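The following blocks contain the structures, represented as structure tokens.
Each of the next two complexes has chain A plus one more chain, namely chain B in the first and chain C in the second.
Now for the complex of A and B:
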């Protein structure tokens, strides 16, 4: 095995034993990038010089014996988190030249933990999309089949991990943007509880839904990343001052006696039969681990997507009002007046999907329609949250498929936004209710495409998710495969 | 059809977006599709349900009224397409 193929905890062992240096690990990652990046396109920007310099510094730290949780570990950052002095585009033309004057809190935390930043990962423009096809910088391809999408919006963060172009990465999840690409690329992806990870420096899409979380090669690495990312931040008014456990303690614990809720609404017509079979097999593995699976009902599941496509665009149209050609980013020249400059800058700067969502949101919030759309959606959102509150009385954790189908073909759904939105049908409820969710690989289709199983738990119960996910991972005996590139 | 072409043009004006005739046509069809789907919500009786705006009960996040380091004018203007002195410069607002 090459160094770039290993997990964080395997590399930490090698670093401690003197079998690997940070520079060697980083070089191995960039060798891989040189070999495959032209085909996969995980990154908008690579930071090779900076990474090698950071790795050299990490090696000095290692020599002194002051090893931190991520010392010398190459990490990719979704290009939605602000990096001081390094362009941060959010996958958009309108921010193509934006250089943040500060670091996001997660970037500070990762750097303080010793991480080496490999590059800024590709994404759907402003995180609006399920396929990474809406990026201004061109699509990312699924390393398991280059003609297929990697999922989205954090597609580049998922492929960078899946194709061993980094060791772990950071994504953001508003309606499934970490879990869906994790499932379609065969890696682990966690969306933490709303308020668990600071969003200071995360470019806002839908503020009542957005969360930052990790992509990793296994569940233990996910716990290691969460130990670094989680916690209260006085700079972020929605971050919650709740105690953060050591997440690594949950790895390897059994789940004997746990009740696992299987929501009947998630196993309906329209799921790909191979996905359904793999997830049903995952249920038998969980039972072998000592979990007791019980059927539950989340009766408002069928309304989640409709609620989401009011709430998210409404919040987005407000958040994206700031891109007006005045303070940063693109400005078109030769405008007649200020209004003309706004309109033409936004016309040129935003892609079709972003415009579409701004339009939906603006309409839903406009005079005369607010109650019918935003008001109604906010009420149904409360019912969706109540569904989960009732479910926790019957089970400890919920198990569902992460996605209804494996990765689809590039271009297949670009002209039909509604079909594209339906690929997030199993991940959206989590964000609406603010609960945490994790996607873990659970097998492959006969064509060799990865499939994911999703576990959900109550607010701030990421520990439970890591415990069941690690128990599942250990007992599932999923064939270890790597994409052939 | 819930939305006419004229309404789509009106919403685009509200959103400060200039859209072409071709985009207007495409958006009209797509927005009608999406809004048609969203109509599902009207199947539910939500009388008396308190609308939810945040997943976690958040209270106002106050901090002590202490001066802390800020980014400063120069850095704040560093990304501006057209900065002059301490100001963001914009095209004329009215004739």
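Now for the complex of A and C:
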């Protein structure tokens, strides 16, 4: 196996034993990028020089024996997290030339932990999309079938891990943007509890739903990444000062006696039969591991999509108001006056999906409509949260499919926003409730497309997710495949 | 037709915290453009606000000082609109859940106390400033002020005249400055006011259509703008037209207001709870801690001055209008124990000097000790009140203590009876005709003799003593 194909913990062993250097690992990642990036397009920007310099430094650290959790590990960053001195575009024309003078807290944490940054990964514009097709910089392709989408919005972060163009990556998840592409690309993706990982420096889409999380090649790597990412940040008011356990301790523990909730609302018609079969098989694996599956109900599930498509666009239309051409980013010149500058800058700077959501959000917050839309959506959101609180009285974790279908064809749903929105139907409730969720590979379709199973747990119970995900991973005996590129 | 005026005011006061409301930048006025900024107050992508606790505490002080009820839970909302001085495209403010509500202050109206209700006090961030290039179609944005903390104090429509409105503003201003939470500078914009004005026929219960007035940057302008607006509305009604709901800008130079936008053009601010900030929970212990930190407020001080120093209400009002002035007054009284005399000298001479030069009592060249010494010199009869009038002017100009001035100018009062007898005798002898007429009943001539004595002594004779002695000696 090449170095770039290994996991974080495998590479850590090799580094410790002197079998691999940070420079060698980074070089092997960039060799792979050279070979496949033109076809996959995981990245908006590559940071080869910086990465090799950081790797050389990491090797000095390794020589001194001061190894940190991610020393010498090549990591990709979704281009939604701000990187000091490095352009951060959010996949948008309006920020195509924006260079932040600050690092996101997660970037600081990763750098402090020794990570080597490979590049800025492609994404749907402002994280609005489920296919990475809305990126100003062109779509990312699914390494398992280049005719298909990788999922989104963190598509580039998912494909970079799936195609071994990095060892692990960072994504953000507002309604499924980590878990859905993780499922469609056959990697592990975790959305932590709201407040668990700092949002400072994460370019906001919907502030009450956004959360940063990792993409990894296996569950143990996910725990290693969470050890670095999790924790209170005084720069964020919604950050929670809850204790951060060592997540690695949950890897390899059994789940004997656990109750696994199977929400009946998530197993309805419309799910692809192969996905349904794979997830049902996952349930039997969990039972073999000693878990007891019980049917539960999350009665307000049917409203999740509607609530989400009020709250997220409402917050987004406000969050995106700052892109006005005045201070940074795109400004369309030769404007007649201020209003003209605003209109032309935003008309040219934003893509169709972003404009659609700005309009929906503006409408939902308008005088006379607020109560019927935003106000009502907030009330229903509280009911959705309550559904989960009731569920935790009956089970320890919840198991669902991550997505209703495997990866669809590029262009297949771009003209039908509602169909596109439906691909997040199983992931959205997690964000509305603020709870953590993880997607783990659970097999392949007959056409060779990956399928994911999703586990959900209560607030700050990422440990439980890692425990069940690792138990599942160990016992599921999923065929080890790599995409043929 | 007789009309009644209805006025409600919205006051914005900048809080004197060292740092901005949601970041660590300085709030100092007057730095180089954009020198007091950071990614947070510049509204850069991905940054987040963290509330400055001092802002909440300052706002709580104002709430307590104006008898508002502080809500146990309040929260921030976003007020969305586009303008280049608003870097995020929204202002973080409070909307549905303000910090405090249901307060009041009292005004003196025609000798009676009138209660003016306060609807609410809420916290928010200030916007930046635009500077327009006179020669080019360009505007520059300075975001030093963006994120400076403000409180907005909203009154009930309880005022019935421009004078009441001005009085109410002075009351709020006085309290803010007393609390040391706002410098009250109207020119620099740290104390701003918008007014809602309407008129209605005397006796009518429903309010008339209101106009909102903006851009009045002094107490005088507030009163002028309100007077103008009332006349404008009366004219409209009397000539059969309708007052329309609109926002009007006061133009000081023109002495008139102009329409800025109509109700139809009004912004829809699309308020919603700011998801980046959590609700502020305020328990009783916190409120009590802040209550204990409150200084003596103007009204209480006024009442104490009347009671403890036996001052007329008018004096107490003037002396307590400024906390520094009140402190100055009390210090002088502590040193010379003549409260009414001190009041007369402070209100009469000291304030006149300061007003002439537009100076503040904090920069007064007459120290409390000097003024106390001068008053003691009068009491001791060393100098006369008339002499003191000259001395105090000299004290103000030179900053010298009164004793030094008295010595330098040889201004010690003549109180020696033997010396005065000699002088009076000489004068009587030199003016036999006047003496004869006086004794014949022309009592007005008494003044003539007093004048002669003062002239002979260059004004240094003790006037009371001269009066007493002249009466005796002229009577023969």
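The working rule: the second predicted complex is superposed on the first by the 485 of 485 C-alpha atoms of A that agree within 3 Å, B and C clash if a C-alpha of one lies under 4 Å from a C-alpha of the other, contacts with A are read in each partner's own complex, and residues count from 1 in each chain.
As a convention for this text, a residue touches a chain if its C-beta (ideal position, glycine included) is under 8 Å from a C-beta of that chain, and two chains touch if they have at least 3 such contacts.
On a predicted model such as this, the values are computed, not experimentally measured, just so you know.
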Which of chain B and chain C A:314 touches, first, second, both or neither: second
Partner chain(s) touched by A:294 [first = chain B, second = chain C, both, neither]: neither
Chain B versus chain C as contact partner of A:366, first or second or both or neither: both
Contacts of A:447 with chain B and chain C, given as first, second, both or neither: neither
Which of chain B and chain C A:35 touches, first, second, both or neither: neither
Chain B versus chain C as contact partner of A:306, first or second or both or neither: first
Contacts of A:202 with chain B and chain C, given as first, second, both or neither: second
Shared contact residues on chain A - chain B and chain C: 98, 101-102, 208, 234, 237-238, 317, 321, 324, 326-328, 338, 342, 362, 366
Chain A partner contacts - residues on chain C that touch it in the complex: 39, 42-51, 78, 80, 82, 84, 87-90, 139, 141, 268, 270-272, 275-278
Residue ranges of chain A in contact with chain C within the complex: 80-82, 88, 90, 95, 98, 100-102, 104, 199-204, 206-208, 234-238, 314-315, 317-318, 320-322, 324, 326-328, 338, 342, 362, 365-367, 370, 374
Chain A-touching residues of chain B, taken from the complex the two chains share: 3, 7-8, 11-12, 14-19, 23, 27, 30-31, 33-35, 37-42, 44, 46, 49-56, 58, 61, 63, 71, 75-76, 78-82, 88, 90-95
Chain B-facing residues of chain A, complex: 97-99, 101-102, 193-195, 208, 234, 237-238, 240, 300, 302-303, 305-307, 309-310, 317, 321, 324-331, 335-344, 346-347, 350, 352, 355-356, 358-360, 362-363, 366, 373, 375-383, 385, 417-418, 421, 432-435, 459
